[in-house]
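Presented below are the structures under discussion, each in the form of structure tokens.
Presented sequentially are two complexes of subunit A, the first with subunit B as partner and the second with subunit C.
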Partner chain A sequence: MRKVSIAGVGSTRFGRHDGIPVDELAAAAGRSAIIDAGVEPERVGALYLGNFVGGMLTGQEILAGLAGEAMGLSGIPCTKVEGACASGGIAFRHAYLAVASGMTDVALALGVEKMTHATNPQITEALNSAMDNRADAPSGLTFPGVFGMAWRRHADRYGTDREQVSAVVIKNKRNGLSNPLAQMGAELRFDEVRNAKPIADPLRLYDCCPTSDGAAAVVVMAQEAVPARDRAIDILASVQSSGSARVAGHPDLCSFDATVRAARQAFGETGLGPQDIDFVELHDCFSIAEIIDCEDLGVVPRGQGGGWAIEGRTAVGGDMPINPSGGLLAKGHPVGATGLGQVYEAVSQLRAEHPNQVPGARFGLTHNLGGTGVACTVSLLARPDA
Partner chain B sequence: MDTSAGSRRCRRCGSEDLVPIDIDGRGKILSWTVIRRPSGAVSRQGPFAVALVELTAGVRMTANLEGWENEPAPGSDVVAVGEIDGIPIFAASDPSS
Partner chain C sequence: MRKVSIAGVGSTRFGRHDGIPVDELAAAAGRSAIIDAGVEPERVGALYLGNFVGGMLTGQEILAGLAGEAMGLSGIPCTKVEGACASGGIAFRHAYLAVASGMTDVALALGVEKMTHATNPQITEALNSAMDNRADAPSGLTFPGVFGMAWRRHADRYGTDREQVSAVVIKNKRNGLSNPLAQMGAELRFDEVRNAKPIADPLRLYDCCPTSDGAAAVVVMAQEAVPARDRAIDILASVQSSGSARVAGHPDLCSFDATVRAARQAFGETGLGPQDIDFVELHDCFSIAEIIDCEDLGVVPRGQGGGWAIEGRTAVGGDMPINPSGGLLAKGHPVGATGLGQVYEAVSQLRAEHPNQVPGARFGLTHNLGGTGVACTVSLLARPDA
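Moving on, here comes the complex of A and B:
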């Protein structure tokens, strides 16, 4: 396998994008990534696009081919991948593999979603297709409900309380305020988080990420072919794993074993450990998810995710900055684009160009989780001089 | 070649060697939630409760829960009291009965 770098990144703002077709939204991010990379579009040899609910909410499939055509990338293999909310991370990994294997020197990973035009029951129904239709969905369970159950379990086992969980919301919303790509940054107080309208107990409105439109893109390139090494970011590992698609299939709702497996493999491949990581962009689809994810990744000790959040240890200036971008909670969650949005944020950090810069960041970790932990990707990225 | 499509299989290992067992419908709540904003695919309006239940027989299942207004503690005893569309409904059981 060859060494692989990220040569360029692009992203639309996450939020509302009325009046622009979903394939055009994807192409907008793709074009800016190609310009950022400084490569001729003809050199792109493969395109992978992550999208989850495009068919259900926009009625438009074949998005990979449509986006490729819109960018003038004619004739190359254009492949759509789907792994629920991990679709973008999976697209990134496929682009990485296409280059690492020697199939092409340059590959484009794209992620896109358009959701805000639909009603909440329609969106919940579409997202519910990432649940097992035989075991879980007939009970009326929703994804906020899955994480509501996980919250109660975590509270029961580790004593995690609402103040600790709300600290995640307050931190991420505050980080989002200074990220120009974020959908809804805010300065929130504990009582505002606690008294927001209930969604799925104990989750309330601000514990849940918003519904978003958006697209993000990453140009992946063989290290030896990168034109400007000073702007390139190296991919040390890009791992994908799976877990149970059923709530009852998880040994413990306080943990998603797909995350544990992917992190272990990524660290194992690189010889790095959680102590080497300078910041993390992880899948906080709900407030409690950030607490579970950081423990599963091993960057925070098991059971202490809530404590670390309320003590400020996961803030930008803390021991382990988590979601300096604002995460899904503040930046938004256009599901198919999220995994690539995380890579975009990590690359900005490692180039020392992020609006919420972690000083001296050399190694970053991104984590994208789909469904009930059925699909997961973890990537380790590094500054070339790291 | 007989692909046996349509026959019932174990969802964990794929085995077709299934036998019915008698269970008494008793178990414990591992966790639960109240759905306030349902999916458009279900006809029921919120709020209603969904629980992850571990049966005494060892099987875990996602089910509906009655009596959630009493805030059942994790680990509390429940018993199946009915079903909606094949999904069991559980309610708190008196452990002495």
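Moving on, here comes the complex of A and C:
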């Protein structure tokens, strides 16, 4: 396996994109990434597209081929990959593998989702296709319910309280305010978070990421082939794992073993440890998810995710900045695009161009989680001089 | 890239599978393949699952993770890939790449689809997600319409007549009769084919593959790691390409350039030519598709697909046996499973165990085509002593 870098990134704003078809949205992000990379489109030898519910919500499959055709890339292998909310991370990993293995010198990873046009029942039904429907749907469970249960479990075991969980919301919403790509940044007080509309107790409205449209893209290249090496970001590891799709398959909803496994493997492959990481973009689909994820990744000690949040240790300038982009809570969660949006944000940080810059950031970690922990990707990215 | 073999294959019967969930159907084929390979399940390091309309017709995504969990493979990367009717071939290619690149020594490719439970309008709507809906849906076009137009074009250009096209149906339906996995083998006379219910003129009922449930699986291994080398089949090439998703993107519906490109690359990589191929399993979703495909692959001269069919040159015992399995027309077309079903059939041939054995078969070609030619895979397989 040879060394691989990110040569360029692109992203649409996350939010509402009325009137633009889903494949065109993906292509818009892809074109930006190719321009950012400074490569000729003809050099792209493989395209991977992460998408989750294009079939159910837009009636359109073959999105990899369509986006490729829209970008003038017809002919090359164009593959849609799906692993629920981790679809974007999986697309990134496969673009990485295509280059690392020598199959091509340049690969394009795209992620896209269009959801805001659909009704709430349609969206809930589509999202529920990410759970094991035989095991968990008969009870009427939806994902807010899963993470509501996780919150109760975490509170019971570690004493995590609402003020701590709300601190995650307040931080991420504030980070989102200065991110031009974010859908719903906000300056929120604790009482506003606490008194918002209940969704699935104890989760309230701002504890849940919004429904979003959006696309993000990354151009991955063999390290020796990158045209502008000073702007390239190195991929040290890109790991994918799986775990049980069922609630009952997890002995403890305070942890998703797919995350633990992926993080352990990524650190193992690189010789890096959590102490080397300067910032994390992780999968905060719900406020409590950030607390679970950061503990699973090992960047915050087990049981202390809530404490670190309320003490400001996960803010920019803290011990371990988490989701300086605003995360899914503020930036939005166009499902198939999210994992690539995280890479976009990490690249901006490592180029020292981020609106919420972590000073001197050299190593970043991205974490994308699907369903009830059924699929996970973790990537470690680095400044070329790191 | 290191040398890769197929160590084991498995398949359910294609047809109706009431009462068994889609992920369990995939797992059933997967378990057979693992037993056939004689490997410990713990050695499987990656799982790829081809599926097309699981979301739209069964409301269940994350099928790769679910099938992996059902087989006790949780933990490893489990990835669903989608490229319309080529999804199974794409899964096979990615299992191949995972092993060829050294990522793992053993990979499992699964393909699955459940369709027969749905209503005809639901099935038609789901299948139409494989076309560019902005370009081609407003006219009311469906896939029988696309291939009906292709037939007229081929007839106009090459003089292909109904008797020739029907010869494809009669051959494949007859081949299917002796294939225990086939859904709809039959002994048909020309007048029965001609007088069947019209579907999309000139296509009649038997010119169209049936709606099917089914799953197929292939265990791919590093050549040096295969336990039973005498039963292993070598993968000489596994190529994926793309083409336009729109009717208007094809200058000529008598040819799909994704097939031409993939075949050319597969032959180029191996130094083999059409004259070396002992049999072909190709994508006969409609009778006319077999004629177009065999010409695009170069195994039958351009414009002579119809002539070769009626002269018996594509029957077992002829110059170039095509679809000795019965093909999609007789075996059925559980979309995501089809590409892996083709590999299953080719492996049976190369092991000299096929119910319609091509005597002395050493080299086989499989061809899987998605949508209006938007995605294609071509693989070249060989007996280890070839």
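As a working rule, the second predicted complex is superposed on the first by the 386 of 386 C-alpha atoms of A that agree within 3 Å, B and C clash if a C-alpha of one lies under 4 Å from a C-alpha of the other, contacts with A are read in each partner's own complex, and residues count from 1 in each chain.
The rule is simple: a contact is a pair of C-beta atoms (placed from the backbone, for glycine too) under 8 Å apart; a residue touches a chain by one contact, two chains touch by 3 or more.
What you are looking at is a predicted structure, and each value in this text was computed from that prediction instead of being measured.
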Partner chain(s) touched by A:E125 [first = subunit B, second = subunit C, both, neither]: both
Which of subunit B and subunit C A:G55 touches, first, second, both or neither: second
Which superposed partner A:G243 touches (first subunit B, second subunit C, both, neither): second
First (subunit B), second (subunit C), both or neither touched by A:T79: second
Residue contacts on subunit A - larger count, subunit B or subunit C: C
First, second, both or neither for A:E353, with subunit B first and subunit C second: neither
Subunit B/subunit C common contact set on subunit A: 125, 128, 246, 249
Subunit A residues touching subunit B - in the complex, by the definition given at the top: 119-122, 124-125, 128, 135-142, 144-146, 148-150, 152-153, 156, 197-203, 246-249, 253
Contact footprint of subunit A on subunit B as seen in their complex: 11-12, 30-42, 44, 48, 50-52, 60-64, 74-75, 85-87
Interfacial residue positions of subunit C with respect to subunit A in the complex: 1, 21, 52-53, 55-56, 59-62, 64-66, 68-69, 73-84, 90, 93-94, 97-98, 100-103, 125-126, 128-134, 240-246, 249, 257-258, 261, 370-371, 374-375
